[in-house]
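Take this structure, written in structure tokens, and hold onto it; I'll ask about it next.
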Amino acid sequence: MLSVENLNGYYGPFQVLFNVNFKVERGDMIAIVGSNGAGKTSLLKSIMNIELRKEGRITFEGKDITKLPTYKIAKLGIFYIPDTGGLYHGLTTLENMQLAAGRRTIDIDRLKEIYPEIDALLHRPADKLSGGERKIVSILRSILVETKLLLLDEPTEGVSPIVTEEIYKMLKKLNDEGKTIIVVEAGSRLKAALKYVGKIGVMRAGKLEYFDTTEKALKDLELLKKLIFI
Amino acid sequence: MSVDRRGFIKTLGAGVVGLAVGAVLGWAAKPLEVREVTKTETVTVPGVVERKLPKATVKIGVLGIRSGLWSTYGEFIEQGARLAAEEINAKGGILGSRVELVFRDELADVVKQAKELVDVEGADFIIGIDSSGNAMKVGGIVSELGKILVVTHAATHRLTEELVYKEGKKLIFRSSVPVYQDGTLAAYIAKDLPVRKWAGINGDYEFGRVSWELFTKTLKALRPDVEFVVDQWPKFGTEDFTPFISALLASDAEALFTSIWAIELVTLQRQLTIMGGYKKFRAVISTLGYSMDVAYSLGTDYPTAELGTWVSARYMWPYPPTKANKDFVDRFKARWGRLPAYSAETTYSAIYMLKAALENAATLDPDILIKTLEGLVIMTPAGVRWIRPEDHQAIYEVPYGRIVHKGAEVPLLEDLKAVPAMLYYRHPPFT
Amino acid sequence: MDLTPFLTQIFIGLYKGSLYWILALGLVLIFGVVRVINFAHATFYVTGSYMMYTFYMYTGNFILSLTMATLIAGALGVAFEVAVIRRVYKLETIYQLLATFAIALIFNEAQKLVWGKGVVYIPIPEALREGVSIGGVTLNYYMILIMVIGLLLFIIVILFMNNTIMGLRIRAVWRDPVMSEALGVSTRLIYTLVFFVGAALAGLGGALTVPLISVGPGLADYLIVTAFIVVVIAGLGSITGAYIISVLVGVLSSILVLITPELDIVILYMIAAFILLLRPQGLFGER
Amino acid sequence: MSLSSRLKGLVNGNTVALLLLIAFLAIIPLTGHRFYMYIATLIMIMGMFAMGYNVLFGYVGLLSFGHGLFFGAGAYSTALFTLKVYSDPLVGVLITVPVALLTSIIVGVLTLKHGKVYFAILTLALSMIFWSALVKLRWLTGGTDGLVGIPKRGVFVDVSGPIVTYYFILAFFAVIMLGLYILNKSRYGLLLRALGANEDRLPFLGYSTFTLRMVALTISGTASALAGSLYAVFYSVVTPDVAYWTFGAEPLIMTLIGGPSYFLGPLIGALIFVPLTTVVARFAEYWMLLLGIALLAVILFFRGGLLGFLESLSRELKLGVYRRWRF
């Protein structure tokens, strides 16, 4: 579905991604972990064509998206959620939802299926939500459009373990419904991620050092920890 | 002012002379020594043969505002200068030498332009200059330039009173009337109007301030019963006068004095009309109201107050009604397709002043030319100009007139009131 | 004490404030959304004025001329955005500023080549020539019209921004262009749209003033400077703030003319600087 | 090989260029051509202004729209001092140093606490207040007509001849250029440039951002004020125009033309800008049009300025000459 080939990424004169290669199949749920500054966020941004300059080739459903402007990539069905959640301060939850939905009407019942307590949040400004609520709302936005691939940057950062579980369950549910998901996580979340995802990748210093199924990864756990924490 | 002014007032009685005899009377009213100077001017030099200038071309550097909002003024200067040069060259030049003009934009650092005119272009004279500030700047370095400067528009009295008279910068001359026209003469018009309470709106810069000061002082002296109830000071470049106008209208003034000029005056007059100013003010004096850019812009919309919209300029094409002037207006119109604005005439005449001096002296030596120009009397479109030796100010008459509409493209003037220039000019020693 | 003079000054101030507002609105939109401080705003204003004059001279139809002037100024805004601004979005602020400054210089002179150096104006529409007279000051219907248009624009913009998808998208781009792109919003389109609206508004302001203020090259400069002061005091990017401050600045400067004719601009600059020193983000701005 | 490379290290491109330029300026009066002297004087004055400006812009990365304030403060303090207190041009110029220090500190305290965008807006606002005060305080400043007759002949020095004026200004020019050069080479200069490059990292090194910026502003303001002061002496006239923001933007334009990341960039900019406007002004009405087009071309195509363009050119040719002109 998504393939990344020989990807090099730069911020100004600084190279942040080094020859990254991987493939994502339809229905995958993937976690990419790594320490701070390993290039995880840059990887997602380069897929979305945000900010950095890049070399290499990225295709999505057979279409070359390397040079497409961000909004066109989004329109192909890739939904990106930055680590902040990307909600607009000053806009209400509903307005944030509407923004993602565009001219489509918002199907509240569908939202309730995934997250029953949504009603209470709809008319509150996004900056008045708790950290967990923000993360949830930001994910819920993805089901308002025909999302095929969901890119999440540290969806559980700064969130309590209970909410982390809740978020992962929600993601799993979306994955079961057929959405392909790539989650980027800090090293400390490795264990939580391993419980839900099917494939795991490890980044270090701008390189994708490891990429395999969870089963395999569980066997290589020591290696993974080494890659992440050293 | 000088001691003998009171004497003039007595001699002239009313001080205001009719249109037809204005020029003649004004001429007659000039002090005796002036007429003596005339003689030296009229003395031709039959004995000398082969009088020639040391150069085949006399170069005149012309400064004016040629960019930005006020560039119409530079255009007038250019048209006046070109007409004069073309005429002179068509008649064989000055003592055989051709007149060549070089134009520069005074807004592009006037001192730099002046120096470039002299040092690079080799100009023998510098004329023009619209802004008073720029005239003072060039005036300040004139001895360094070593060439004669004839200012043809900038009106600050400091140029001639301070730089020439007090500081002795003898290279400076001025062919146009100074701010006395705007301040002092306006008071002579105002004193005969049956109104007592005056309002003023003037630019918040030297020229506006001095105009109002001269106007109020003179009028108070002529008519002690008048009052000045409100004055407003919009800054240079004001595009909307509505708050100032409503402040004027909120007073109990019966008449309005303004020295606002050019584009700003067009807006001021229109907004005054719109806001009911012409219902309130029985008379309006606009010191530069008959500048041709304003007259053309307002055209048939030029508002007229009950007791008249009294306007003047540094020269107005209908005055004086001499053949010389009529011919000039016709030639100008034929050449440029419009009536001459004042700075066109003052620049035109400045070149003829230089021509007269050059023909008399037959040299380009500034010191000799200064002596020749001092006291020079010359017939110009605006009438007879006398260059006062002490301050190098050209003295000639420009009347005030009342705006009337006679179906022409531009409004015309009626009731032209001329006052001899010597009467209302300030005189040495300018105390 | 007779309060009539103050009333008339307030009225005049409201009219002037409405003019500032029409200009400030375009500046706020362009700065807020596109993050470009647009020195060329006066260009659009003057274009509106000259277009109004030109169309009126040919057709004599006020409404038609007003519409055309507004649209042409808007179109010029689009051309400007596409040809110049788009190339400098990613550069430092200073280059954007200078680009708009350069454009302002070029257009100022180019307009002179087309329309000459003199001033132009058109008459006030027949129906609006009279006015209400208070204490000797005529409060012209045309000035009242400008106030009404200002107020209507405020209501329309607020309703548009809060109740339409496009308004929502503009607000989204305003706050976070990157995220908006990720949500499938074309920021490029929004930028162009905002430039169109901002330039059209400036053109409308310019067109509306031709009957009242004569127009010549560069004559809008002071108006634009005041509009900038308004935007800065209000806080770069606050629409409601810009409206309130426009009107306040209009009224205040108008009353200052009455009480301290000597010092009006100094006081205005001082107030602006004082507010900025206390709240650099402006009265209504967020940091 | 080792000797020549050591020589290269010693003979920095900037040193040679600066000394050559000063030497060149010193012989211009020998041509006896007053207009060249005039242009050269303007280049020196505007060059000082731009070089001073760049201490803030190019080194520390702060964009000021209010440098007309410093230039104007210098010009007016010299004018007022020589006209009303003590009639001597040398003392009149020197008096601007304390005035500039004071002005810089006041401006700095008011503006430096906020971010870069606010610094630009606040400096603009302060300079406009200063300008409107110059216009309005007519009894002191002469209003829009300014102050006339600033003396060239004084108790200590007499610079009334054009050649004397020229060398008087050249002396100040040389001193200020060498001062700025020493600053640039010093540890302080390095710190200031480091601050411009990365303001987040510096506090860890034990330096307060505020203090460093204040130092840069003071140096920049003093150089600008001295330029203004010499301008007043040179013209004998000052008008409020010199404090207007458009005048204050001229050093910025010169800096961009020359290249802000080169020590001599602003001076090279002045060297181009001053004669260019002189030539272009001959097209009378269209000179502002041409200025606009030139500016737009610089922004769209030559953002490194002339030196940046030359550097990339020499890199293309594998010469690397102009790299040594960088800070």
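Letters A, B, C and D mark the chains in the order given here, with residues in each chain numbered from 1 onward.
Note that in this section a contact is a pair of C-beta atoms (placed from the backbone, for glycine too) under 8 Å apart; a residue touches a chain by one contact, two chains touch by 3 or more.
As the structure is a prediction and not an experimental result, all values here were calculated from the model.
Here the largest set of C-beta contact pairs joins the chains B-C. Greatest centre-to-centre distance from chain B is found for A, with centres as Cα means. Distance between chain centres (mean CA atoms), chain B to chain C: 39 Å.
One inter-chain figure worth recording: chain A and chain D are separated by 51 Å, centre to centre, where each centre is the mean of the chain's CA atoms.
Distance from the chain A centre to the chain C centre is 42 Å, each centre being the mean of its Cα atoms. Chain D has residues 136, 285-286, 288 in contact with two or more other chains.
Across the assembly, chain A contributes no residue that touches 2 or more other chains.
Residue positions of chain C with contacts to 2 or more other chains are 108-109, 112, 262, 265. Chains touching one another, given as pairs, are A-C, B-C, B-D, C-D. On the side of chain B, the complex with chain D involves touching residues 66-68, 71, 74, 103-105, 108-109, 111-113, 115-116, 119-120, 132-133, 136-137, 140-141, 144, 156, 158, 162, 167, 204-206, 209, 235-236.
Those residues of chain D lying in contact with chain C across their complex are 63, 110, 114-115, 117-118, 120-122, 125-126, 128-129, 132-133, 136, 249, 252-253, 256, 285-286, 288-289, 291-293, 295-296, 299-300, 303. Interface residues of chain C, counted against chain A in their complex, comprise 165, 168-169, 171-172, 175-176, 178-188.
For chain D in complex with chain B, the touching residues are 33-35, 38-39, 42, 135-136, 138, 142-146, 148-149, 162, 235-237, 239, 277-278, 281-282, 284-288. Within the complex formed with chain B, the chain C residues making contact are 4-5, 8-9, 11-13, 15-16, 19, 108-109, 112, 117-121, 123-124, 129, 131, 133, 135-138, 140, 142-143, 209, 212-214, 216-223, 253-254, 257-258, 261-262, 265.
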